[in-house]
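Below are structures written as structure tokens.
Next come two complexes, and both contain subunit A; in the first it sits with subunit B, in the second with subunit C.
Up next is the complex of A and B:
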């Protein structure tokens, strides 16, 4: 009797293999890098929105915190790149821990607008204070490297980001299936019930907010090394909305939803971008297509596939497997 | 002293437009518990439409109401999408309206391009308590006062207004006495669309609007509505005026570029300070 490997393990292996091969065969590494970074942010946002039931329209604030850590750490303080990369998630997480307790007293709509306000305040602070870049931003961030080996070209950054994404996914899986994760899922359903069953609701909320802030900070740090430029215009509100769109399209509250959403939405946008930059079309075609796609995706996904791509496919997959098992002779 | 009066008057004018957009949030949220993120986009559409209609040789006084009416239709469409299927939770509806506001942005760029548009308004300025104020800004204040008075009368005196309030306070009981709660929700969206359009029509002559203005407009309106707990039109008016005056005083005495941030910070403080009273509204 051969022990069956669960079919979903094949899918995970397939995704991993695709991730390893993609950077070698794709021409546009900038696009791939942005997609992987978005996947890291959205995995955290999906955790926050799906498991903790809290929406954030301003997750770019934490991406900015991570990127600023790298930009200021390397250019102003002369710290080694590895040290700032490791520090960035913790700085972003600490920022989330500071703003989390007051913000998370809000819920629902208020929290959504509160986080958006936070992002706009961070943007203003970045453009107003020269210590945070000021009007010109921070340029001259050195390439990433450890010791004497320094990254050359885009390829190593993409693999570094993919490695970070893998780490984030493993971590998310562990969190979701831990005792803490069960508590978080419980208060997403009902705070009162979870609280009376002994789940420290507020503390868990802040913790999950900080974790998703750490993911965003990691992505911000990687983007700062990749670009290598950070200014207040690097984190527009539309980008934070895009994270929400990706999270919703992929499926809230699934480990893989963030990745699926980031891949689907980025690819779609890239295709539309290519189409709209064809000669002969007016220059406004690009932004029109972009906004229309975002809007249509959100509205259609929420109205017709409210659980998102991953849970919907997952359900279909399970049904298929169940049917096949039922068909087998006992 | 003269400076102070100028800041106060322009603050009141600015705050009136916040309050008008905020009233749209309030009308929708009262009835449906949904926060309509597209409220800012609708205001932009209102401003753009009035510019186009005036350019198409419609006289003042006809073009503006026409723009407001079309915005009502836009609001109704947003409502159809946002209320969607029955049982859509309000937070999901918020994200749907975020999507709709992006669709509206696409339409705005398609129809009007990316440049800011400013329709002609009232020309000239008047002197008030020694301070010079543009007449268009006075018109904004007057129209806001009228709109809020009409809104108060509508909710307290008319049959439909009472039905709207009934749907808001207890949807189940409202259904029992034969009120179509879903239709009331759509009506609220249409009314909010008209209020948003009115705000846009009034603001655009002094502050040009572009597809990019939707977010600041929506946020400042939401900030005003937060003062009213998203349910009270009167407190929204007070909140809007307070925010406008605070913003203008900051702009005048400290630094002009921070007035939006002052409004946002005030909004955050008010929201967090009052969060315990919000709990019962949002509790499942």
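Up next is the complex of A and C:
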């Protein structure tokens, strides 16, 4: 008997193929790189918001932690690029483990504001302390490389980031469909019932927060090599808000929602950017259109696709597949 | 098995439980009845770890448990079916029950990421346990349905299945029969009887007094947070204090309508 390949596997393969070809055909690699990095952060944020039911308006704090690990590790401590890239997610994760227990005692809006405050504190610390870059930031980050082979140009960074995104997606899929992941999804539904089923609620909450922080730290590390400059201005609050919008638009509670949201929102912003930089328009057009788009996007998403793009399409796809199966002769 | 020793719990200035003392033997099926607001659910929360007593001690097999978090008590063998809807939305019925096996399994975050053979074996075991438990409450055919918006009766049965997946030694049932139809009630009563016969200690809070008296060997009656009677079903139902407590609230109910 031939085992049938599930239709969704084709979609996954298609997305993978598109990701491999895109860097070769697109000429704006900076845009593509930013999109992939956002997808990594938003996948973690979607895991935190969609599966664990915990909000974060300040995920940039963990992106910063990863970026700082690379910047300080390479320029001040002279560590090899590969070592700092591998260490960055763990530094960001450790940071989340430290700030998580007090922060996660907060709920709903309070948690959202608490995480935003965390980002503001991180920004302030980065500009205030010279050890973290101070007013001038940290420049002179060497290009990424392993041994004697050193990255030249933007292309290898994009592929490295895509590889990391793939890893993050596989990891997320495995976490969601595991005993640990079920515990996380359970406490999002009822902390009381999850506790009585044997789920260590607080510990799991901090753990998933740390995982989400690790993803953000990984993205931050990649961005530090790519840019290659890190300062307190590298992680504006609006970027952290964008992550939330991407997560909501893409669809919470799905593995692919983060990627879909990052691609859609980034592309839209890029189009707007092109439009608003046409000659004859005032320089304020760009930011105004960006904020208007965020507002409109959230309202439209909540009105027409309250569950986000991926779950909506997924449902439509399932219905279509079911209809086709029903139409098939037995 | 379970010893509750002069336990009190206040909410604001009101005693939800006051000097409650209770001794339940291993394998016993104990009914707990009392009018609304008698403190039955609070007592369950104190035992399961969702509230802490202001004073007094709770022991399970001689071990003090009243300061332990809920998930540790689950591991010690305490299972609970809540009065309200406490199923996990966004998860299928099967996944809901699989969560119930949490206290009997161990794979963590690293195992989830690496997926060693031991983790895959455990996953298979969790799944088959969950399927068995769904079968026992008659929900197996709905296993892949989402748990959101389940009718009350099925929600109850789902909670029972989830509690069973944790292989409890002490099972707290807070009005498990509410919302069930007559036939479902009979099945549930039989299931409770089977569990007790297999050695599980059961505490049963139920408004259906007929069900409690037919199932329980002993019944404890609470009123206004205190134990007002304790004995066989026959003793308790003829106790003047119990009759007064029930008639009193009965009259109140009548007055409100």
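Keep in mind that, in the parts below, the second predicted complex is superposed on the first by the 328 of 330 C-alpha atoms of A that agree within 3 Å, B and C clash if a C-alpha of one lies under 4 Å from a C-alpha of the other, contacts with A are read in each partner's own complex, and residues count from 1 in each chain.
The definition used in the following text is that a residue touches a chain if its C-beta (ideal position, glycine included) is under 8 Å from a C-beta of that chain, and two chains touch if they have at least 3 such contacts.
As the structure is a prediction and not an experimental result, all values here were calculated from the model.
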item	value
Combined model on subunit A where subunit B meets subunit C, clash or fit	fit
Angular separation of subunit B and subunit C about subunit A, which is computed from CA centres of the superposed model and rounded to the nearest 10 °	80
Greater residue coverage of subunit A in the superposed arrangement, subunit B or subunit C	B
First (subunit B), second (subunit C), both or neither touched by A:317	neither
Partner chain(s) touched by A:55 [first = subunit B, second = subunit C, both, neither]	first
Touched partner set for A:297, first subunit B, second subunit C, both or neither	first
First, second, both or neither for A:105, with subunit B first and subunit C second	first
First, second, both or neither for A:186, with subunit B first and subunit C second	second
Which superposed partner A:211 touches (first subunit B, second subunit C, both, neither)	second
Partner chain in contact with A:116 - subunit B first, subunit C second, else both or neither	first
Which superposed partner A:196 touches (first subunit B, second subunit C, both, neither)	second
Shortest span in Å between Cα atoms of subunit B and of subunit C, once chain A is used as the common reference	10
Touching both subunit C and subunit B, counted on subunit A across the two superposed complexes	190, 192
Contact footprint of subunit B on subunit A as seen in their complex	55, 57, 102-103, 105-110, 112-114, 116-118, 120-121, 124, 128, 190, 192, 237, 241, 244-245, 248, 284, 287-292, 294-299, 302-303, 306
Touch list for subunit C against partner subunit A, complex	48-50, 69-71, 73-75, 78-80, 82, 86-91, 95-96, 98-100, 102-105, 107-109, 111-113, 115, 119, 122-123, 126, 159, 162, 166
Residue numbers on subunit B that touch subunit A, as the complex places them	29, 35, 81, 84-85, 88, 90-92, 94-96, 98-106, 109-110, 113-114, 211, 215, 219, 222, 226, 230, 257-258, 260-261, 264-265, 267-268, 271-272, 275-276, 278-279, 282-284
Residue numbers on subunit A that touch subunit C, as the complex places them	171, 174-175, 178-183, 185-186, 188-190, 192-201, 207, 211, 253
